[in-house]
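Listed after this line are the structures, all set down as structure tokens.
Below are two complexes that have subunit A in common, paired first with subunit B and then with subunit C.
So, the complex of A and B:
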């Protein structure tokens, strides 16, 4: 009960944020009455003037273009998130190509760019496309990828046939129909923005109302069926909303690249968070930013198509998330791997120091670099670098011009912990898993860095005698130092 | 229903009247030479694409074909900008590089992050395609290419190209000759490496045990795909190519279980859709390349309606899988 309430409150918060976003966008629409000048009127303006025209929002067409692009970004980001987590990204691609004949038929309806007629036509065509994909998958031996490709290409071909027929008609206002292929945000008018706002509102409200259901059917269809949810119905509902999103995005992004607005912002959000509601919000924001940036960039040049710029803006966001994402980013992973390797290196050096000291029955505290180098079978330069690393981490101090290492209490504790991990594991493998004593060293070399406190306690419980390892060496007891570090060290062999 | 009838009324003055003489006879009497070259071009494109496409379908890589056919666009545009000509060699090189970049990008995105392969495909090819479209619209004056050509090609302009002559023999328009060569090479490669392609497509493990380098076969197939797509690009554009890749093979899959028969049916489908598409395009006065795809779709629908459902035992199987599998799997 409390869990579902929790989900609901989270959804509500996300919804409120989205609605806030939407209303502030709509506010833009009604501010500053402006003199009319259309995008593309002036061909000789400088980039700077164009940029200024864009940011002062003087032209209504600029405001419509910007608003429309942002609305479609929100809509596509939200629905694309579900596609990405359901591994259905290419369904979006097929659907977006399949709407083209519907666009052409909607245009034919009364021979002009009537948003509602095109909306209806495109939605029907898109849904028909997904239905055909399912039909092919279920009744023939064609696999999903082939079915998707078939529907994508053949619907698109029918659409192109119709479009070229329209363009060769002697009568009618044909302007604008070709903009549906690569998108032109400047072609967005007031009626289009209204339709986009309504559709985006519907999408946000439906997702908010059925958030839990969409979540469950997306992540665990079996469980959803078991609790009696109509999984198929939600699938088709999602397809319907998706068709809506594709259709309102058509004019600004174009048929060919709509799928990128569905996939790329959502994939970027997927790299940044593990929570669905956060992913939805991030994807909406990314989509909106990509839409605005794309509209701006295509406005700078004269008559450049908008869609490709939006797609590249979205790709830039994805690339940033891919490289710099705090948890799943390439750099963060690389950094984690590197610091893990450095920690293992330090622990191995400490272990070697322990071995040197053990070999002379713990007489004297300092270990010379030469002894250490012999023990590790490395050059003195390499060992000196390792010693310096220990020094910077407060695990050892250097004396006699850096030729002798003295381990600090923290370092000693860590060294004992590592050796103890190693020998306990060897003991466990010989006593409990009945491996030969000369086969256990390699395994222990790896696991000693990974054993956490709980595992060590478990080993101690299971082993009767933890005094000596299988090779007859004493298993050290980890000294409990009175320093502050002792409490904060999370486990044996782990660096704080 | 009412909506349909209204559409029908609206369509009645949209669709030209069907005049059998104009549609079926005139292309072969009045415009004989141009019809022949256009139909031949369509046939070669569909054959080359269909042969490669058969393997894509077998390997469940149909959508990789989709991705590569989109993403060769920047390669072609850059090749144009650097070489300043529409020569075959720069185009092939550009397309090969772009195809390789796509394959690598998909792998990198998929392997280095938790993004799944389908989304990785979607991100990679749309980005590259966007770069291509921007290049073409920025340098439209320098590049002998426009957005329409990207979408549905210029197969109707082939008769205007002039003829290639070799040793006194008139061979045909240059693009048709080039496409014929590509088709010949593809057919030869498919014939020579029939066993390798087949085994590595059906059973990669067996291929490894027979000493066939599956990775090499994979990349060779991708290279072949890039070359075929780029040579078809001029005629049918970047998106209709997907139809040429998938339609013949998918139709053949419905009609036969035997792979050699499927290859033969692919060629048959290519020939039929080229000729029927020509007539359809003449009748409707629309893009000929798109009309050829629509004709091919018609053949596919006929095959699916007559023979498709007989193999519906696959249906129960796949449904069981769906029950067990994950969503969207």
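So, the complex of A and C:
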């Protein structure tokens, strides 16, 4: 029963991986020697050297920025995953805008960019914002989207007013407060990183401890309450963690774009996996990568705002998942559709060959391109391409310079199966569903390619007489191929 | 004498101050398969949700095995409506069935090997074990319903509430569910099942609760399933009445 033990330790492993990631980041922070100049000054070195320097934590000013960006990426990715599966993406947006007045008030507390004061102010403002949303939802006829829009805009407006006011004050060290709008990773200091590490640690531990509760309350809140879980408490707990995550991300990403760091890595992860614990891990990794990359690009461009770069990096990850995801990706879907269309095309060609042979009572060898073209009402060139496709798939061989098509045993089997599917379905529609005989052909044209073996058996069981279709044509029996093909080749001349 | 599995006294439930259930009194004897039927908007789902304490009630009380329901939730199993969840959610069939064990596990505890074995056993009972590692969106409606049933089985409760388990399922699933319900009843469980199809209700259940914002009738199926009570329940809804009249004529 090691199997169930495996399932059981999955979430444990995810937690361990995340904790390992965190601790190695912290280790780097406190062990790397602080020397070397800022990256921005080293314009003569190559991009590669700059990247090497940046990502090996050699530069002290860069070190905090990079670490902070990675931590916030992990934090946002984890919590964003729950937002995405709970369909609460807009809540993240509203919350992040609602914290701005809190940031300003936290700054006004002692006219300094004190991380703890700002953290407390922003968290309170964010929670107040979500409380107002709930209040509007419960006491008025307004729906959640409207309430979110209202709160988002009004809190943000208050925040902007306060920010402008602070800018105009004659006293105090105002440096950095303006960076909260679009984010500046370079403004992250040692105290900020410590706070970020604590918050990220708390988020990881809480999610690990209460993973099963967060899972069931997100998936089926009604059932969760029926087994006695305090669903509301978990909802507000998640909101609180979310407010924490938004606040620690503010400095590097900025109020305007922080919701993108919540949603984008999680959305990319959602496209790539269909298990919650894997989604959490992937989103954390994507968030971290986007954070690091965003910080790096911002440094390369001489301390441009970090937020947009992080969001662009995350969007690039999402775009890659969207295009190249193995199951839900656009390319994979396109490829599946293309191969299905090609299969249907081949099956239609085989069916046409069957019809040609049937029309001459299965006499004579092979079908000429011209006959096939007439039957399908297409040009010889088009039909030649289809014949070539049959040839490449081993369903037919071509003779006389490709002018004559001979179906192989495999091809013949497939042709009989398709015609049989078509006629059985027509028979079913007329006999059992009581449709008129002239109404059933179009439907059967589509269904014939989709009927599985199971369904065909079911049809055979239900239909008493499967000799003739509603139009009076014989329903062929699919020849069974046993072992060597040569022996059992039924050939099209024999109707088994 | 041991207390009844479910006792409801003068239960009134309101949505936005508008009552949807009035003064429901109900005592369900043990080991019965009870169908809850009534027209749309009769408050069938509301009744079972309120009975489990999932909805605020305006008045009245609910006792499960003699205790207030909140204290005895562990003896209650629940199958919500299939449409109530997002089937694209990133979980496997196994993950969902394990959720049935969460109530017994309590906070901070991970499902153990015993829980996994139990979940596999329940999946096997609804013939869904081969699908244990599938993501839940890759299932048919009937299969999804069976996953919900397996989750309820994993709860190992004594009193079950099921909200429309027969809605939108194929014939095979329907008979599988019925077999399962009978098996549970044979094991002494009490089951309350919201059901929307009158003709089959007559054959499936030991007792019927006819509901239309209030209890119209409650009793053994053969006593309750008659023209007068059904007319009282369904009022002037002629289409349903004629359907039922037909059923009464054919079967009666």
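Going forward, the second predicted complex is superposed on the first by the 453 of 496 C-alpha atoms of A that agree within 3 Å, B and C clash if a C-alpha of one lies under 4 Å from a C-alpha of the other, contacts with A are read in each partner's own complex, and residues count from 1 in each chain.
Methods note: a contact is a pair of C-beta atoms (placed from the backbone, for glycine too) under 8 Å apart; a residue touches a chain by one contact, two chains touch by 3 or more.
A quick note: this is a predicted structure, and the numbers were derived from the prediction, not measured.
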Quiz item: Which partner does A:479 contact after superposing on A: first (subunit B), second (subunit C), both, neither?
Solution: neither
Exercise. Look at the residues of subunit A and decide whether subunit B or subunit C touches more of them.
Key: B
Quiz item: Once the shared chain is lined up, is A:326 touching subunit B (first), subunit C (second), both, or neither of them?
Solution: neither
Quiz item: What is the contact status of A:142 with respect to subunit B (first) and subunit C (second): first, second, both, or neither?
Solution: first
Practice problem: Look at A:212 in the shared chain and tell me whether it touches subunit B only, subunit C only, both, or neither; answer first, second, both or neither. | Solution: second
Quiz item: Where does A:223 make contact in the superposed view: on subunit B (first), on subunit C (second), on both, or on neither?
Solution: second
Quiz item: What is the contact status of A:270 with respect to subunit B (first) and subunit C (second): first, second, both, or neither?
Solution: both
Practice problem: Answer with first, second, both or neither: which of subunit B and subunit C does A:87 touch in the superposed model? | Solution: both
Quiz item: Which residues form the common part of the subunit A surface touched by subunit B and by subunit C?
Solution: 87, 218-219, 222, 270
Quiz item: Can you list the residues on subunit C that touch subunit A in the complex?
Solution: 49, 52-54, 70, 73-74, 76, 78, 80, 84-86, 89-92, 94-96, 98-100, 102-103, 105, 107-108, 110-113, 116-117, 120, 135, 137, 151, 155, 161
Quiz prompt | Complex contacts: residues of subunit A adjacent to subunit B | solution = 84, 86-93, 97, 105, 108-109, 136-143, 145-146, 148-150, 152-154, 156-158, 160-162, 164-165, 168-169, 178, 181-182, 217-219, 221-222, 235, 256-257, 259-260, 262-264, 266-267, 270-271, 301, 303-305, 307-309, 311-312, 315, 318, 322, 325, 328-330, 333
Quiz item: Any idea which subunit B residues touch subunit A in the complex?
Solution: 6-7, 10-11, 14-15, 57, 60-63, 65-66, 70, 109, 112-116, 118-119, 121-123, 126-127, 129-131, 133-134, 137-138, 147-148, 151-152, 239-240, 242-243, 245-247, 249-250, 253-254, 284-287, 289-291, 293-294, 296-297, 300, 304, 308-309, 311-312, 314-315, 318-319, 323-324, 326-329
Exercise. Would you mind writing out the residues of subunit A in touch with subunit C in their complex?
Key: 1, 4-5, 7-8, 11-12, 85, 87, 209-210, 212-213, 215-216, 218-220, 222-229, 270, 273-276, 278-279
